[in-house]
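Working notes for the structure below.
Each chain carries a letter (A, B, C, D, E and F) given by its place in the written order, and its residues are counted from 1.
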Amino acid sequence: MAAIFEYLEHVNVLKRLPRTGWLLNGVVPCESVADHSFAVALLAIGLAETINEDWAAEGLDRPLDVGQIVTIAVVHDLAEALLTDLPKRSTELLGKEVKHTAEARAMAIILGAVANGDKYVRLWEDYNSAATPEARLVRDTDKLEMVHQALVYERAGQRMLQEFWEVGEWHYAASARVYADLRRQRS
Amino acid sequence: MAAIFEYLEHVNVLKRLPRTGWLLNGVVPCESVADHSFAVALLAIGLAETINEDWAAEGLDRPLDVGQIVTIAVVHDLAEALLTDLPKRSTELLGKEVKHTAEARAMAIILGAVANGDKYVRLWEDYNSAATPEARLVRDTDKLEMVHQALVYERAGQRMLQEFWEVGEWHYAASARVYADLRRQRS
Amino acid sequence: MAAIFEYLEHVNVLKRLPRTGWLLNGVVPCESVADHSFAVALLAIGLAETINEDWAAEGLDRPLDVGQIVTIAVVHDLAEALLTDLPKRSTELLGKEVKHTAEARAMAIILGAVANGDKYVRLWEDYNSAATPEARLVRDTDKLEMVHQALVYERAGQRMLQEFWEVGEWHYAASARVYADLRRQRS
Amino acid sequence: MAAIFEYLEHVNVLKRLPRTGWLLNGVVPCESVADHSFAVALLAIGLAETINEDWAAEGLDRPLDVGQIVTIAVVHDLAEALLTDLPKRSTELLGKEVKHTAEARAMAIILGAVANGDKYVRLWEDYNSAATPEARLVRDTDKLEMVHQALVYERAGQRMLQEFWEVGEWHYAASARVYADLRRQRS
Amino acid sequence: MAAIFEYLEHVNVLKRLPRTGWLLNGVVPCESVADHSFAVALLAIGLAETINEDWAAEGLDRPLDVGQIVTIAVVHDLAEALLTDLPKRSTELLGKEVKHTAEARAMAIILGAVANGDKYVRLWEDYNSAATPEARLVRDTDKLEMVHQALVYERAGQRMLQEFWEVGEWHYAASARVYADLRRQRS
Amino acid sequence: MAAIFEYLEHVNVLKRLPRTGWLLNGVVPCESVADHSFAVALLAIGLAETINEDWAAEGLDRPLDVGQIVTIAVVHDLAEALLTDLPKRSTELLGKEVKHTAEARAMAIILGAVANGDKYVRLWEDYNSAATPEARLVRDTDKLEMVHQALVYERAGQRMLQEFWEVGEWHYAASARVYADLRRQRS
């Protein structure tokens, strides 16, 4: 059981860690990494169930596995318990490879304390490489949730969050529709 | 998609809502409802996988469905987006029935905006009545996570959190072992 | 004296409780219930003294009792020490009757610890039913203070506070004039 | 009405001003000046009503005027809206006379915007010179409330607050009894 | 060494003290006095080095002493450890003379605990009277840093900070150029 | 001047960045990187002047350059404006070399916007390699200031900060004496 305690200690850190992107852009105080991951999990349920109403229309050959999607959502930023939420620009300074390796090591340490932990390390690797329909759904959701939080901060007065709206391509048409709706709410 | 936006608005509220129990006992600032639900989800994974290593030993006739457990964990306090985190003592003042009915209405409103939302309302009802092995696991985890957070606040100096350690019976022997370990860490 | 200690413990809670309406609308951090009640008390003095300069003009048959007004102001949200600041929408979910009964019980518990406490429970009941000129003045002031705080948060950037400006009818012409002035400051 | 707006602006500042004594001793975040004044007002009600049960026993020749007591409580720190909560040690650096004169000027400015404002400046002068039974009751309460807040912070872990317990003489025997009770709660 | 401990205790206070000007204008939370002094020190380096590229053009007869400039920057608000950051308006209420004398006493107490402390008291006196080219550079920088912080808060939504942009004359042409650039960024 | 604006933007970030070590160990809220650097600068003055009273006794062949020491202190964590305050354990995950290279790049970017910026990059390199008596003094001070802050948080109740007291060897005997004094204050 001592192993679960160590794991829980790591998880708890994410409640205290601010999302660095907001901090750097002047949002003080801002949400925690845990806050974000939680909202990604719930939005992912909503988005996945919408897609599952007509999964073939999204080019899928089976419905999305919602349980797996929620699981990916809650582990997707777990490495930050050891590394903190490294700012976007740090990738260019540290190198993309180095950063990924460090995150993989962090995941192995954190989940090494848990029975069947390898399974979750693999889910996280799938997430990173967008290897499965479920991983791709969470990748879209991670960005959509960030855009929505940007909207919430903008409604609280923030004026420097344009970069958070420039989030590129979507894996699912349903994601693009949610994004379009967020843009409508903004204007 | 407008419906998903409304749902997302409710979810976002939980990032801002403090856990009332801590506030009332002098912990300022304290974690959000989202912080807590997130940690419950991750601890539930660890606990469920531990049990699944030998599920028969816990009297189960099948392994726990971890995907469902994580899902229950992230929705279990969703009604608080409309009702806020009502303090323990409010139950005696409002009446247990009234409170449950209000929560059920809140869940229906929030999840009414989501495709297949009924499924999640039912998972939440199961959670409330401890109706399934998965629901019971999350009920244990909800308390264990709270106990761990109490420990974290005690290490930060808080001295009035004894009541959070008095959490009664466990559905699983594994939960009792995690609790015993938390007590050891406390002393 | 132990009774006064218990009473003081309840009072102290209101320093830590956020005003839920602001939180739900994205104001983080926001004022405490104690902050609000304090400002209501002081604004009520200003408003009552203005009215007392020509009380007949407001249709009164005697000047307002300012001491009683300040007293009503500081007790008007005291029940929140046990119930927290329930969000507006909770009324529809819990039922108006249930909520009032719970508040009345909370007041009885909190003021039960104080000599002559019944007197203050009665002042609070008068406040709730707008039964006296003093109660009506505090009801107006409660709303005016909230509107002013909305203005302060808007000047700090908040853009979602329109609903706090839609506060309906006033008991006193003087209140309507203060409100009109707040609107002028807003534009 | 514009005058009431200016007055309200000053009052609002007290919600944002931290109580300097706590800050300097390491309590971060700490209560606002408004939080404190609010709790003084409510404790003063409790203490005054206790004394009024047997006012002769405290050497009074009439019961205390509770309405006036609450009024003194909410105005007693109003000058801080212009001067902020000057630390104790500043008195020795600025000189006691200078400080009092500055506070009196601040009160005149703030209450100059209110009908019958002179009355409240006089109540504040009475408070400063402990000139009336009501003023003396609020002076005792101001210290008792601070001691209770010190206790609350100590229960949250603070260990440097001994100086806040060294508060000297009491005007009323009832105050001494409340203080003795607070000491019992501490040990 | 005990003396250095006392000095360090005073320095530490500045991490906890909010800059009062922001608080009074509705910025909550706001930077600490230490935050500000730190940024003044770094901006002063940048500004001084710019001037030193062509010091004669600024009418100097020697380059600026950057080490001294950084030193003045970090001590310029040190008296606030004992007096807190007195609001602008307090000068008119306390009197300019009284305030300066109190600050000088505070500096003497704080730096009395440090070897060669008199040297830093003299640098601070030079700062106050703008007696040296280095002191004048820090005076300009103190204002420029405040203007920049106002800009940062405005980008976070604050709308009441106009007064912080009205900062009068500059000692150096380079300061005026930085200020002009800040204005451009604002519009 | 636009270059100075960019530099100032980077400096400003350090006011918002929490010191990660405290956060990970449960101190919420905690000081900013700017808070820390500021206190290092002032403590460094005190320590350097103490040593300069008898510099030969510390094995120096000349007095310490206090202006340079203060300068090193305010730039020593400047790279964190781009990289944030990476946690101790990240060194093992990212690799020491990688981390140093990233910091050096960050310093080059930040100081590239400033006239004579290379000089400060060199001072920072000297700091990293403890190459000069001044650099070594700031290295000692960086640790002493952290230890003092740990003491301040411990007095506020924190109980998990033992690791911050285990700081190894000192370059100067004077540093060891300050450390010994801090330990005395702790017990």
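For the reader, a short list of remarks on this structure follows.
The criterion applied here is as follows: a residue touches a chain if its C-beta (ideal position, glycine included) is under 8 Å from a C-beta of that chain, and two chains touch if they have at least 3 such contacts.
Because the structure is predicted, anything quoted here is derived from the model rather than measured.
The greatest centre-to-centre gap from subunit D, using C-alpha centroids, is found for A. Centre-to-centre separation of subunit A and subunit B, using mean CA positions: 21 Å. Mean C-alpha position of subunit A lies 33 Å from that of subunit F.
Taking each chain's centre as the average of its CA atoms, subunit A and subunit E sit 42 Å apart. Within subunit E, contacts with two or more other chains are made by residues 26, 28-29, 152, 156-158. If you sketch which chains touch which, the pattern fits none of the simple shapes: not an open path, not a single ring, not a star, and not all-to-all.
Residue ranges of subunit D in contact with subunit B, taken from their complex: 29, 152, 154-158. Taken in their complex, subunit C has these residues touching subunit B: 13, 16-18, 20, 23-24, 26, 28-29, 82-87, 89-90, 93-95, 98-99, 102, 105-106. Touching subunit C in their complex are the following residues of subunit D: 1-2, 4-5, 7-8, 11-12, 14-15, 31-32, 34-35, 37-39, 41-43, 45-47, 49-50, 52-53, 65-68, 70-71, 74-75, 78, 113-117, 119-120, 145, 148-149, 152, 174, 177-178, 180-182, 185. Residue ranges on subunit C touching subunit A, taken from their complex, read 26-29, 156-160.
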